Amino acid sequence: MAKTKGYLVDTTKCIGCRGCVVACKQWNQLPAEQTRFKGTYQTVPDLTGNTLTIISFHEYEEEGQIQWYFAKRQCMHCLDPACLKVCPQKAISITDTGAVVRDNDKCVGCQYCAAACPFHIPRYNRETDKETKCSLCTERTAEGELPACVKACITGALQYGDRDELLALAKKRVSDIIGKYPKANVYGETQAGGTNILYVLADEPSKYGFEENPKVGTVIHAWQDIIKPYFPWLIALTGAVSVFSFFSTRFLGVGKEAHEGESLDG
Amino acid sequence: MKVTRREFLKISGAAVATLPVLGFDLTPAMAQSGTFRIKNIKPVPSICPYCGCGCGVVVYAADGKVINTEGDPDHPINQGSTCAKGASVYQLHDNPRRMRKPLYRAPYSDQWEEKDWDWVYNQIAKRVKKTRDETFITKEKVKTKDETGAEKELEMTVNRTDAIATLGGAALDNEECYLYSKLARGLGLVYVEHCARL
Amino acid sequence: MTNHWVDLRNTDCALIMGSNAAENHPMSFKWLMKAKETRGAKIIHVDPRFCRTSARSDLYAPLRSGTDIAFVGGMINYIFENNLYFHDYVANYTNAPFIIDDGFDFKDGLFSGYDPEKRKYDQSTWNYKTDADGNPLKDPTLENPRCVFQLMKKHYSRYDVDTVCKTTGTPKDLFLKVAEAYAATGVPDKSGTIMYAMGTTQHSVGSENVRIFAVLQLLLGNIGVPGGGVNAMRGESNVQGACDMGLLMHVLTGYMGAPSNDPAYVDLAGYLKKETPKAGFKVNTPKWLVSMMKSYYGDVATKENDFCYDYLPKRRTDRNYTHIGMFEAMYDGIVKGVFVFGANPYVSGPDANKETKALENLDWMVAADLFETETAAFWKEEAGADPKKIKTEVFFLPAAASYEKAGTITNSGRWVQFRWKAVEPVGEAMGDLEIFYEIGKRVRGLYKNSTEAKDKPIQELVWNYTEHDEAKLLDEVQREINGYDLTTGKLMPKFADLKDDGTTSCGVWIYSGMYTEEANKTKLRDTKDPSGIGIYPKWSFAWPANRRIVYNRCSADAAGKPWCDDKKVIWWDSNKVDEKTGKVGNWDSIDVPDFIVKNAPTDPDGCKPYIMKDDGVGGLFAKMADGPFPEHYEPWESPVEHSLSSVQFNPAAKIWDTPMNQKGKADKYPIIATTYRVVEHWQAGIMTRNTPWLAELMPNVFVEISNELGAEKSIVNGDVVTIESARGKVKAIACVTPRLKPFKINGKLYHEIGLLWHYGFQGIAKGDPANRLTPHIGCANSNTPEYKAFLCNIHKGVN
Amino acid sequence: MVEEKRVVKTTLGARLTHWSHTICWFTLLFTGLVMFSGWFEWLKPVFGGANGANFLHRLFAVIFGAVPLFGLLYKPESFFGWMKEAARWGSNEIKFMMMFPFDLIGLKVNMPPQDRVNAGQKFNSFFFPTVCFFIGVSGVIMWFAESFPLWLVSIAYPVHDLCWILGTMQLMFHAYLGSLHPGSGESFWAMFGDGTVRASWAKHHHTNWYNETYGEDE
């Protein structure tokens, strides 16, 4: 794969100010939605058709020590995207910098990509009848600007750049904080075949609501790699058999008239 | 078109009547998302109106409409970054809930009446003059001690009214606060406060 | 702030106390994270609850609301006991060596000179002991038992670790970790910064809370150095500017004292005698006041008529004009009309039920804002009012937003920054500058032909600005603020050149120099930083005199040598030649020196860094309304008996026993309550609750309660609960969390809860204003209301 | 020649259900193909773009589901009768299935006596309803994906595709065997006409059924 670009989310620097969430809405001019406070700061519970990124809040208390993790969730821009594979309309593609983007016109809102995505990211937008997800602000990066969320990030928790450099930085960050956070790890290096959005986590991924080892469901693989490409040939097969039977019955003289003339006693 | 049950019934009623003629496409072309809409527009630098950090914000406007607001990349305090509030300043201007006309509420009324600026200015000036004239104190007697320590009365010029108060200004510009303070002191007001004290 | 935002990257240890910096001043964490990365800085957060700031801090210690002085007093005692103070700094730059008058004393919670009836101190015994010709006596060895150092040591010896932890409810180990970590900055090559906000100031001991931070920083030598300072993080974009412009009852512009009907202020001479100290930079007060009067009254102000000094209104000494006092007066029908510009006291004022009732007594109100505020619509049914019973006439003026007009605002770091106009205001909205000008013009129009003496002040006020041209109007006002040399008509270059003979004018002396003939420095946007420590001298203008780190003389020792290389700001260069005077040996600096640079270090005044004070040194001992040393007193509504002295409540704080301001007792209201904000909303919320993207992120009022309290009251996450105080009742959604724990005080467990206070009946995100619960009680010095510690009760359900 | 005796093989209800089912199936097939893969780009204009196809697929899916459901509710006995018949598997049926390939090629075979529906059709009577059932269920899951658990949704897609492929495969046989295959002409036109076939044809092809229902007036 050519050198791809993405960004690193260093959750140990994130102050949960959600500047990125609002910057994303502002740049993409996405409308706000009705929400209700239910006992957690994560008042926007999940991605929606109008919300391409959220911050998830996770509170834990272990041996009297409180941990409060904030994790930014959005499309992971996989190196080998499942959504791209399953999309019947070929609406999803990878740009030269490795961003997984959608062509809004081609998308018919069939939500195949949502079913296939190992991270459960794409969401259906009712008004536009389209699937929506983060596009890594390709129209901005093409002009040399930072993605809207990365530019808004105050503490440098989000850093945009080449994936390999970010990977090295992530590993260095993990080694820096391993003392304080023994379970610190890099997320996104290998998950689902590797992603362009990398994370420095201070704890196991499940503590952040992330999949421990996300991968495309075997069902989807079976469908994608076996049923879709080969099974349609069965139709052709039975079609051929019927055509063969049509000619061979005529050829062997057991034609229609032979049957027709049968007397009652057959 | 992926539709909910309710919409489906509504549409299907109509659509069956106009079954798609060959080649006729039902939906309008979707807006092409992801255009770099601020291309070659000169951003106007401003400062975020919210907390006291004083972060730089740039506003992109084209033919009288705000089309984008972001952090000011040159600003030494925030270097282009913004918190949730700073990133939302776009909706301060593009917001139907903004007040757009001077309003007046008559005594005991339960709703606003729209007025024009000239009318409200004159009415306000009348109220200020009436209340000031009724309660203004130019001189008043105060107790003081003369050299021997005995108590005596002193007449002081105070030029004050306690009947008019001013509140606010922490969100106003410096120049506005200066005129506000100058006008208040010129009118003889002493109840001059704002939420720095809260 | 004594320093500024970018300077936070130079710190080695940040004590965030009385603030939730990551949420209410998020940009501070850009620079704290930079300090952590480049200098290995440690971030300490001391707060009643574990919030988003604590999540990113290295060390978090809980404390009960209202016990900041006990906590920091304990740290000061820890510093004295372990000899961790910065000796050279304390000896040279504070009034530690000064001897105090024999009459001064402190016994069981009260200082000498207390008058219980008037609830005031007679401060005559709180003076320095002086020799025959009035110079204060000093003991440089700091041994003399009557010197400030020893008196302070004795005062805080009562704040031993056990007593402190019994009062604040902080676990002992955490308290010692905080004390040890922060005291480590008391060395030449380290600097610690204190970042505080309303959690410090909104108490009945608010000013002393700030004072004890100053004392702590002086003891550790952290003031005047990069990465140090006592940094008040202001909540509003221009609250700093609004204070500078004199929009407070007790000050004129530039913090000159506003005259009252105290006989001393009878005339200009009397005023200047009372307000001008014998030494220190404030000796220039006459120049500042006369210049201001020339700006207000122009040619009419002459030497003969005391420069129209009589026109300045003089408030009554027997009446309290602060916010609480104003609403009490409104409630009593004294105040008839009010201007409310860019403010929403219905939501932000204490004891909201009473303050709403007070509004109903008004004859008229003029409100200006971007959105319809709760305050302007207090008469509506949605506010729960009965319009048919409210006579107040209300004029609502639509105001322009920040980037729909041009102007300058001053941030916490005293940077006066210009902001340009990007687009026309919506509808018929107008900039507040033009609104004030028009109102002034119309009122003066009505008074044009009056011959009465009482109308002279308004008639002769200089108000000849250009009409209907907002750019010219703005420019004229900016120039007026900066001031003119009236003999040449040129703009004042700096406030040092102001005169008291009427030949110069200056609206706000501390801003003088911001708009000179050379340039309007507020518009400067030069991103270069020659200092390398984030000074950015050519980015906008910082008052005073573009100085970015105040008291920066303290960054060098008595001889003028910087304490350490990467913390130097100003230093004595013995062989630097001054071209103009040819003098050899001058001060050099990377920031505007906060010091009279003609004094060499060895001169008598060469070692007086605190030029605003008449003794020129930092005030460990300083005359405040409630005592020269900060002393812990319990909040007005407290569930516990005070264990440091028998004086339960701040003896010098004004108590309002007026209607609708009942005091809650602990038996009926056992739970401690505090109020605070979140990053997604701002102050009274009228702007953010009308912003869809922010209303989506924080839609409802919530109250954070501990798991233990939740179990006790069988309240679970998401339940709607009612919180009640002696003054009011509000509904909120419960957020049951481990981030808030009950406090063990004097061996017994007390619960604490916290409420968001941004909400009102307007906007997309609506809710009950939490300030229906808070009392009308204020700080002894500033009368800032005690929002942060009061008593309440909570129960499930809505009734 | 005197009009030869005819017997009723299929009722009007059955025929209507059958043909509406067929129309729905083909429409669904083609609108679905537009969404299934990019190969069927050329089909898009016919249905008014991808979104048009999308809508039609849902419209006909509802009909596809409603008609048999209505039939089931209206005359349950006809459906259950059919199923009962189809469930009768004896040696005749097995022998029939064994000899079927030869018949398919066109060799002369003596098929064992069959009921109203012969063994192949009995297999078909189970196969198609099952396929249609699963298509319907998985279709509903895909249509309202938001209200179903993710794992179910991700299973629905392969099931839906598998079923329509198998269904269409089976359709190939059913369509051919029911029409062009020698001897099917009679029942083919019956499906279009009034549902009657020549008695002699019925006696030959569906001997058991003929004898049972029409045997006595021989």
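Going in written order, the chains are labelled A, B, C and D, and every chain counts its residues from 1.
Going forward, a residue touches a chain if its C-beta (ideal position, glycine included) is under 8 Å from a C-beta of that chain, and two chains touch if they have at least 3 such contacts.
Only a predicted model underlies this, so the values are computations on that prediction, with no experimental measurement involved.
Central chain (C-alpha centroid nearest the global protein C-alpha centroid): B. Among the inter-chain contacts, the highest number of C-beta pairs connects B-C.
Distance between chain centres (mean CA atoms), chain A to chain B: 41 Å. Centre-to-centre, using mean CA coordinates, chain C is 83 Å away from chain D. Rounded to whole angstrom units, the spacing between the C-alpha centres of chain A and chain C is 49.
Distance between chain B and chain D, defined via averaged C-alpha coordinates, is recorded as 70 Å. Among the residues of chain A, those in touch with two or more other chains are 17-19, 21-22, 26, 109-111, 124, 129, 154. Residue positions 51, 54 of chain D each touch two or more of the other chains.
Residue positions 26-27, 30, 679-680, 692-694, 697 of chain C each touch two or more of the other chains. Across the interface of their complex, chain C is touched by residues 13-19, 21-22, 25-26, 31-41, 43-44, 59, 61, 66-70, 154-156 of chain A. If you check the complex, the residues on chain B that touch chain C are 44-57, 59, 61, 64-66, 69, 74-79, 81, 83-85, 87-89, 91-93, 95, 97-110, 112, 116-117, 120-129, 131, 134-136, 138, 140, 142-144, 154, 156-198. Remark: chain B residues 1-4, 27, 29-36, 39, 68-71, 73, 78, 80-88, 90 touch chain A in the complex. Against chain A, the residues of chain C that register as touching in their complex are 22-23, 26-27, 29-30, 33-34, 50, 52-56, 60, 678-680, 692-700, 702, 716-718, 733-739. Against chain D, the residues of chain A that register as touching in their complex are 86, 88-90, 106, 108-112, 114-116, 120, 124, 129, 217, 219-220, 222-223, 227-228, 231-232, 234-235, 237-239, 241-243, 245-246, 248-256, 258-260, 262-266.
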